[in-house]
Amino acid sequence: MEQKQVETGFKKLSEIDGRAGEEVYERLQKISPFMADYLLGSFGEICSITDIDNKTREVAVIGACTALGYAIPQLKVHIHAGLNVGLTKEEILAIINTMSAYAGFPATLNALYAAEEVFKDEGI
Amino acid sequence: MEQKQVETGFKKLSEIDGRAGEEVYERLQKISPFMADYLLGSFGEICSITDIDNKTREVAVIGACTALGYAIPQLKVHIHAGLNVGLTKEEILAIINTMSAYAGFPATLNALYAAEEVFKDEGI
Amino acid sequence: MEQKQVETGFKKLSEIDGRAGEEVYERLQKISPFMADYLLGSFGEICSITDIDNKTREVAVIGACTALGYAIPQLKVHIHAGLNVGLTKEEILAIINTMSAYAGFPATLNALYAAEEVFKDEGI
Amino acid sequence: MEQKQVETGFKKLSEIDGRAGEEVYERLQKISPFMADYLLGSFGEICSITDIDNKTREVAVIGACTALGYAIPQLKVHIHAGLNVGLTKEEILAIINTMSAYAGFPATLNALYAAEEVFKDEGI
Amino acid sequence: MEQKQVETGFKKLSEIDGRAGEEVYERLQKISPFMADYLLGSFGEICSITDIDNKTREVAVIGACTALGYAIPQLKVHIHAGLNVGLTKEEILAIINTMSAYAGFPATLNALYAAEEVFKDEGI
Amino acid sequence: MEQKQVETGFKKLSEIDGRAGEEVYERLQKISPFMADYLLGSFGEICSITDIDNKTREVAVIGACTALGYAIPQLKVHIHAGLNVGLTKEEILAIINTMSAYAGFPATLNALYAAEEVFKDEGI
């Protein structure tokens, strides 16, 4: 990735995912500097799609991370992100609950347990 | 499911998923009348969550059906539904493209191929 | 869900999943009362299918939760449930072991580790 | 695999999966003789677990192949197998429908469409 | 993505995936020009990791596309790519067969059927 | 499995997966002696495919266990195994990072966190 892309990605990451996103970046830098920068660059590119706003993007990502079942740490980052860009606790619960019809109750329940932790962490 | 729930679900299905949704119901009635009614009842219940609107719900569902990888027929129904409740072609492509970061390119590409078919079908 | 469906669901949940199921319900009520009731209602509906008995249903669910790979907390609940409705420890191990052919050894091994915990918990 | 294991596996395959299973074996022999024999040997080993009978095993496998979402060709073989070892059409539909709670409606619906084909094929 | 990244990606795509890769790019350009370019740019970045060679990368990708279960069109592209960078038919079958232990027989069998088509297509 | 297959499998397991593999076997023996022996026998059979060497096999398995998302304990065993048969830390990171394009960032990041633990454990 070009240095400029990494910087744009970091700015977007801070703006959308806040501290939770920055922690992912810092952790990755110690394991794989390539992935740290590549993730940022890709994130910046994805965020450059202006056909949907940050809120809409987080709705899709929270849905997808719930449905995948194994993406719990990333779901938590994106619940933080969702709150950060203006989704309410109620909207996030509604998105996760909707997934019960598409990915079943196990995926939904594990996502709700993750959401509970994030809400506690955010004091809401 | 209570008869009333099935009826509410059918009304919601027609309103949101349109003809594509009704065809699923009709097909299921021939294979498993239980599932046909249970699906409608569940759909009605999920749609009774008013914390998110139809558009937001379809954003999450299109994201999730893309990420699951194997839910192509259901993704098509929900791309129809998304258009039906006001999502644009560009917004739907943006949601699917975002998934490349969360579920990889194979899931995203197969979803784009499905979207292409639906857009052709809708003449857009 | 209608109040009657929730009540029927709770009775079924207590009967089949026992205390492990009730704990899921209680936990969900604190996170999302909608999901707590919706899960019960759906569970009651699924259990109203009388073409298979409780034992057969748990065989299928233990198989599926093993194969999904990420549904470990739910697998534990259903191993408790399986024992509760008359499956033996040996039958449950046989179901999980069969999954090695259909979902691979990682899914099977993680399920066996979960089963070990439940068996210890049940003192068998 | 030892020749004896392959032979035992083939006998079990014919007995349980019938013609649908034999066709898989014949097709594999042309692509990968190793896999053809390895599959038979493994199948024989799995079937040597006598803690569950053929019917119970097929219940678990039909549940799992439904939940996996992408295992449609194998699901068809095992619906044939299920019928072969004494499961009724109604029981098979009940197993698949149960999966809607554990793996969501997309996986369930695609499994029902597969079941419809097998039932037509079997003239039931 | 920067124009230079897209160009580097296209060169890498032609070199590794050959005509099968170029067809994916051309198809994507008609559905989503963003994704067409983003895929190329990402591919170029991934290929810039010089710690593994093209052959090793294709081994991992063929393994992963087999295990995912739903990535059959992409598996075909990468079987073409694998042959292109020097993997033999026997090596590709060995990679796919190994997956039976990690993702089960359904994923493996569907991958073998896909491999059969590619080998026929390549006249080997 | 024949006793001879189990013994061959154990020898292969010790040679390739080292102590991490042996621990899996010992743990399984306490939960399900059938699975302990069946796993060894299958492992021996898979390793009898001489078209690829141990290193190539581990490349595919590390890729697949990353892509599956839920196979973290098994991924750790195979990162140990990879190091054991001659893969470097850099090669393993490159394999995992490549998966971001095929299975998305959540699967990749969770695999990197697992790799970090194994590398720490190995003192590299």
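Per-chain residue numbering starts at 1, and chain names A, B, C, D, E and F are given in the order in which the chains are listed.
The rule is simple: a contact is a pair of C-beta atoms (placed from the backbone, for glycine too) under 8 Å apart; a residue touches a chain by one contact, two chains touch by 3 or more.
A quick map from chain label to UniProt name: A, B, C, D, E, F = 4-carboxymuconolactone decarboxylase.
Computed from a prediction, not measured in an experiment: that's the story for all the values here.
Each chain's centre was taken as the mean of its CA atoms, and the one lying most distant from subunit B is F. Superposing subunit B on subunit E by their CA atoms means rotating through 120 degrees, a value rounded to the nearest 5. Taking shared numbers over all numbers used, the subunit B to subunit C interface scores over half, which places it in the same class. Averaged C-alpha coordinates put the centre of subunit C at 23 Å from the centre of subunit D.
Taking each chain's centre as the mean of its C-alpha atoms, subunit A lies 29 Å from subunit C.
Mean C-alpha positions place subunit A and subunit D at a centre distance of 38 Å. Residue positions of subunit A with contacts to 2 or more other chains are 34, 38, 42, 49, 65, 67-71, 74, 93, 97, 99-107. For subunit F in complex with subunit C, the residues that touch the partner chain are 24, 27-28, 30-32, 34-35, 38-39, 42, 65, 68-71, 73-74. Those residues of subunit E whose C-beta lies close enough to touch subunit A in the complex are 1-2, 5, 34, 38, 41-42, 45, 49.
Only residues 67, 99-107 of subunit C touch subunit E when the two sit together in their complex. The residues of subunit E lying in touch with subunit F in their complex are 42-43, 46, 49, 51-52, 56-57, 59-68, 71, 74, 88, 90-91, 93-95, 97-103. Within the complex formed with subunit B, the residues of subunit D that make contact are 69-70, 93, 96-97, 100, 104-110, 112-113, 115-116.
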